[in-house]
Amino acid sequence: MQTVTRNQLVEKAKELLNNGTVTRVLGIKKGEFSYDLTPAVFTSAEELEKEFEFNGFAAANFSKYLVKLADGEGKILVFLKPCDSYSFNQLLTEHRFNRENVYAVGIECDGFADYKKIEEEFNDGIKSVEFNGEKIEVTTLYDGKKELAFADYMLERCKNCKTKKIAAFDELLTENSDETKNTRFEEVEKLEAMTPDERYAFWRNELSRCIRCNACRDVCPACTCEKCVFNNPDSGVENKAIQNSFEENMFHIIRAFHVAGRCTDCGECSRVCPQHIPLHLLNRKFIKDINSFYGEYQAGAEVGNRAPLVNYTKEDIEPKDAVGRGSEE
Amino acid sequence: MDKLKEQILRTSGVNTLKCMRCGKCSGTCPSYDEMEYHPHQFVYMVEKGEIEPLMKSKSLYKCLSCFACVERCPRNVEPAKIVEAVRLMVIRQQGENHLTANDIPDLLDEDMPQQAIVSAFRKYSK
Amino acid sequence: MQVNEFKPKIVAFCCNWCSYAGADLAGNNRLNYPDNVKIIRVPCSCRVNPMFILRAFQRGADGVILCGCHPGDCHYTSGNYYTRRRMALLFSMLEYLGIEKERTRVEWVSAAEGAKFSATMNEFCEQVAALGENKRLEDLRCKQ
Amino acid sequence: MQRIGVFVCWCGSNIAATVDVKAVAEALKSEPGVVFSTDYQYMCSQAGQDLIKEAIKEHKLTGLVICSCSPRMHENTFRKVAADSGINPYMVEIANIREQCSWVHKDKAIGTEKAIILARAAVAKVHLNTPLTPGESEVTKRALVIGGGIAGIQTALDIADAGYKVDIVETKPTIGGKMAQLDKTFPTLDCAACILTPKMVEVAQNENVRIFSYSEVTEVGGFVGNFTVKIKKKARYVKEDVCTGCGLCTEKCPMKKVPNDFNLGMNNKGAIYIPFAQAVPKVATIDPNYCNMLKNGKCGLCAKVCTAGAIDYTQKDEIIEEKYGAIVAATGYNPISLDKFDEFAYNQSKDVITSLEFERLTNAAGPTNGVLLRPSDLKHPKTIVFVQCVGSRCSADASKGKEYCSKICCMYTAKHAMLTRDKYPDTDVYVFYIDVRTPGKNFDEFYRRAVEEYGVHYIKGMVGKVIPEGDKLIVQGSDLLDNKQLKIEADLVVLAAAIEPDKSARNLATMLTASMDTNDFFTEAHPKLRPVESPTAGIFLSGTCQGPKDIPETVSQAGAAASKVIGLLAKDKLKGNPCVAHSDELMCNGCSSCERVCPYKAITYVDKEFRMPDRTTKVRRVAFVNEAVCQGCGACTVACPSGAMDLKGFKSKQIMAEVDAICK
C-alpha cells in the first residue's frame, strides 16, 4: 500500500499550479474501475479535484510521457517514483526532453498491486478493488467481498524492488531511502542453471504467446525512437505482425538488445504484457551480464553516464569466455 | 621413412628438422671428449637415418642426461631426448636392461657425478 | 564424399583490414577450409549489427562467425572493442534463450594470420556440423 | 530496376582450374536484374577492361559485378573502368572467387557452386547500391617523423629538401640514434661520426625542420592529411634556447656517479649532462633521478656556474599540439636483453660484452678513448672471442631469443674482428659462426678480407658456455668442421646480441592504428610493392622499426618513405572515402549513442526544426556526420537504437541482402 496519498499529490499539484511553477500536471485519470487508470495531463485545480487518481494500481512510469509533453507552454509537473526517476535520468542522458521544462516531485514508493494476479484469483466479475492498509478488498459479482494480502499481490518488479532511492527530483514530497533488495536476478539465475534445451523450451512457451501488440515497446521508457526499426521498411527487419516463431524471437531479442545498457529495469514491459510474458527476464539477463562483465551499472543513476555498450576497456572479457558464464557460476 | 628413425622420433618427440646445425649442443656438452658421436651428430645422423652406428656406439652411455644441450639449444631441438630415445631402442631390442635397479647402489662411488646418479634413478625407477 | 553428410551453412563476417585480408592470405597460401563458409566483407567488425546475425540464422545459416582485428589493432582504433562487448552480450543472450553457444563465435584474425583463419574455419565448421541444423532460430518459411 | 552486368574472370588458370567460369557466367544470367553475363581470361587486362566498357555501352548497364580476385587487389581497377564508362564507380561489386574460392577449394564442382553463390550475393548487393561521391579534405602540409636516428634524420632532410615542413620527435636529449654510438661502418670502414654528425647539423639548421628532442608522442588523432598529434616535451630543467652548450655545468656537477647510458653504462656522467660532444641540440639536460637540487632542494651548483642563466629547476613537462599531413615511424631498434642467456656469463663477468658495447670501447669518444681495454681491469685483451647469433634465429618454442636473423651481426662482427687485428696485431681473434651471411655490395669481399688478410679465426660452431675462471674466460664451443670441442682461454668475449624493435613502438603503433607483426616490427602495406607504407593511410615506415636493416638500407628506405610523404603533401586535397556514415534526421532521436562510439569525433548535433503532421513545428536535436572526418567504420550504425544511422556502401539492407543470398 502506498504511503503517499492521492490527496497529498493533489494538494502539491494545486500549490504548484497556483504559484505558477507549472502550467500542467502529469498524472493519472480515474477510470471506470479502480484498476482502470489512464495517464493524463491536468491544467486546473478543478480537473485535479475531479479526475486525479492515485492508488495501488498507479504503477505507470511517467517519464516516457515527458518526451512528448515537455515541449508545451510552461513547465509540466511530474511525480517521480524511484523507478520513474531512473528512466527520467536516462532520458535526460539521451537528450530526449528538456529538463528545464519539467518540475519533478519525488515520491516514495511501497510497491503496486498486480491486477493480473488478482484477476487470476477470481473467475470473473470483479466489481471493485479497494486498498486498505496491508489489505486489498475485492468485491465480485459472484463471490462477494474478499480480502487479499497486499504483499502477495504485488507486481513482480515491486517484490524484487531494485531500490527505493529517488534518483532525480526538484523537491521531495516524502522521504528518500536507500533501501534495496538484491533478489532481482534470482529468476535469471534459475534459468541460467537450466540446460539449453530446458531454456529453449521455457522461452518457446513464453514467447509463443506473443501477439505482437507492441505494448511492451510502447510503454518502455527506453523505446522512444522517433521511428522504431520494426516499423521502418528501410531497416530490413520491419515486421508489424508476428507470423512465426522466428519473428517472436527476433522481435524480443532485438528489442532487448536495443535497450541493453539503457534499460533501467522499471519492469513496465512485463506489467503491461497482456500475455503475461516475463519480458523483464530478458532485460535483466543483459543487466546481470553487464554487471558481471563490465562492473555494476545502473542506467539512469546519473545524468550523462556512459552506457556500457557505448563504452569499453581494453581488458574486456572475450565473447567466448562470456557466453554461458552465468550458468557455470 | 626408416622404421628405426620413425620410432626414435616418436619416442623422443623431437623434430630433427628444426636443427640449424649450429653445434651449440656439442659446444656445451660436458661429456664431449668421451663421446665418439657428439650431440649434434646424434641429431644429424638420426635425421639421415643412420641409427645403427649410434646404437652400437658407446657414446650412448657417456651422455649424462644433464640436459644442458636441451636447455641451451636455440631451436628447441632437445638432443638429449634423442640420445635417450636411442638408448631405449637398444634396451628394447635386447629385451632387458644392462643393469637391474638393485645393482646400482654397489656401483656408486664418490667421484660419480650427481647427474649421472639422478639420471640412473630416473631410468630405473620405471 | 558421403551423400548424406551434413554441411552446415556458415556466414563469416570479416573486417576489411585484418580478417578479410587474413582470409585472402589463407587463399594465397592455399590453406583449405570448407566451402560452406561464405564471407561477407564489412569495413570493421563493429559494423556488424546483431540484426545481421539474427537475419542469417533466420535465413537458414547454421553458424555465424564474426572476425575482426585483434583488440588494440583495430584500423579504426576502437571498433573491435565495441564489437567485443556487443557480441559478448548478444551471444550470452542467445545462449540464455537456448540457442547452442557453439553456433556463434567471435575470432580475432590479423592480416598475417591466414593459417589461423583457415584453422578457425575448419574448427568452427566441425563444431557447427556436430550440432546439426539450426532449427531453433530459423524461419521455416525461408526453406523451400 | 538495375541493369547489371556480370563479368567472370578466369585469372588464367588461377580461377578457371577450380571454378567452371562458363557455368558461373551462365548461372548468373538467370538472376533478376542481370542483363549480361560473360567470362574472360584476364578481366583486369586492357582487353578485359575494354570488354567491360563495351558491355556497359551495349547493354546500358547500371551496375557491375566482377567475379575475380580479392577486392583488395583490383577493386580500384574496376571502379575506374566503370567511371571511364560513365557509371558511378561505387556501382561495382567484386565477388572474390579467387582467394576465397578457387584457391582454397580443390573440387571443381564445389568451387563452381560456391562461386555462383558469392556472385549472387554481389548481385544482391549491387541492386541496392547507390552512386557515391567522395568528399574532399585539405592536406596539412607538415610531416612528423618519430625517431631521430639516421632513418628519421634522412627522412626529415629529404622531406625538407622538397620544401615541406617537418618535425622530428626524439625521446633522447639528442638526435643521432644508434649510429652516433658506432665507431666505424662496414664495409667501407668510414667513421660513423664523420658521416652522421654533418647530417645532424644539417637537419638542425634546415629551416623547414623542427627538432623536438627529449620528447614523446602521447596522442594521435585524425586521419591521413589531417593528423592531430600531442607531443610531450619532457622537462630537461635547462632552457633549450638559452643554453650555449659550453659544458661548464657538466664538469662542475658534484654528482658524478650517474651511469652514462650513451656509453651503455660503461662509465659515469654527471646529473647534468650533454650526451656527447656533437649532440644536437647541444644543450645540457638534468637527470631528475640523480640531481640533488631536484631531489632534495640542495646544491644548485649548475645554476651558479651557468653564465647564460639557462638552468631552470622549475621547468615542467610541456604538451604541444600540432597538425600533420603525414607521419613517419622511425623508432629504431635495441639489442635484446641477455638475461635469459646465462650460459654466456654476460651478467657474471664484466668482460663479456655486447657488440654495441664493443663499439663504444673502440670509439675514440668512448669510455676508454678508443683504446681497446677490457672493462674489468683495463688491460689489453690478448684473446678475443666473438659469438654470433646470440638470441637470433631461435625457434619460437625455445622461450628465449628471436626467430628472425638480425641481419647486421655477421658484418659488424667481421668489422670488429678485422679492426681489432688491424690495430692490435698481437691479439688472437676467434669468431664462432653458424653461417656467415653477407649478401650486399662488397660484403662478402669484406668478410673474406677479415679471414685472408687479417687472419681472423672463423670457427663454424657455437659457443656452449663461457666460464669465468680467474681473470680469464673459458669459452667452450664446438668446432663442427674439425669435430672437436674447443676450450679457448679468452680475455674478452663479445656477443652479437639479436636486435629488437624499440619498446616504444608497440604503444606508438596503437596510437597510429598501424599494424605490427608478432615481433613488434611495423607491418608494411605490401611486403614487396609497398614496403615503406603502413596499411594505415598516411603512416610511413623508415628504418629498423620495419625490420632489421643496415645503414645503407635504412637510408634508402628513409628516402623512399620521404618520397611517399612528399607525394602525399604535394596534393592540396585528398579524396576521401565516400563510404561514410549518414544519419536520417527524420529518424534520429539525438540520443548521443553514435557520438560516444565515434573514434574520430565526426558526429555533432544540431537543433533542427521539423514540421509535424499536425502542421506545428518541433525543434529536435539530431546527429550530423562530418563526412570529411568520418572514416566509415560503422560503429555508430550499431550503437544507434533507431536505425537512423547507416553506412553508405555498407548499408544494413545491402549487408542483409548479401546474407539472404548466401543463405538461400
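Labels for the chains are A, B, C and D, by order of writing; each one numbers its residues from 1.
Criterion: a contact is a pair of C-beta atoms (placed from the backbone, for glycine too) under 8 Å apart; a residue touches a chain by one contact, two chains touch by 3 or more.
Keep in mind the model is a prediction, meaning the values are calculated, not measured.
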item: Most distant chain from chain A by Cα centroid; value: B
item: Distance between the centres, which are taken as Cα means, of chain D and chain C, whole angstrom; value: 30
item: Averaged-CA centre spacing for the pair chain C and chain B, given as whole angstrom; value: 48
item: Chain B and chain D, separation of their C-alpha mean positions in angstrom; value: 45
item: Geometric centre distance via CA averages, chain D-chain A, whole Å; value: 53
item: Residues of chain C engaged with two or more neighbouring chains; value: 50-51, 55, 72, 78, 82, 86
item: Per-residue overlap in chain A, given as positions that touch at least 2 other chains; value: 229, 235-236, 309-311
item: Overall pattern in which the protein chains touch one another (line/ring/star/complete/other); value: other
item: Listing of all chain pairs that touch each other, if any do; value: A-C, A-D, B-D, C-D
item: Contact set on chain D toward chain A in their complex; value: 586-593, 596-597, 605, 618, 620-621, 639, 641-644, 652-653, 656
item: Of chain D, residues touching chain C in the complex; value: 70-72, 96, 98-101, 103-106, 110-111, 113-114, 117-118, 121, 510, 513, 515-518, 523, 535-536, 579, 597, 599-600, 631-635, 637-639, 647, 650, 652, 655-656, 658-660, 662-664
item: For the chain A and chain C complex, residues of the former touching the latter; value: 191-192, 196-204, 229, 235-237, 243-244, 246-247, 249-250, 253-254, 256-257, 260, 282, 285-286, 289-290, 293-294, 308-314, 316-320, 322-326
item: Interface residues, chain C side, partner chain D - complex; value: 9, 11, 16-18, 20-21, 23-24, 26-28, 30-33, 35, 38-44, 46-52, 55-56, 59-61, 69, 72-79, 82, 86, 110-112, 118, 142
item: Chain D - residues contacting chain B, complex; value: 343, 389, 391, 393-395, 397-399, 401, 432, 434, 460-465, 476-480, 483, 485
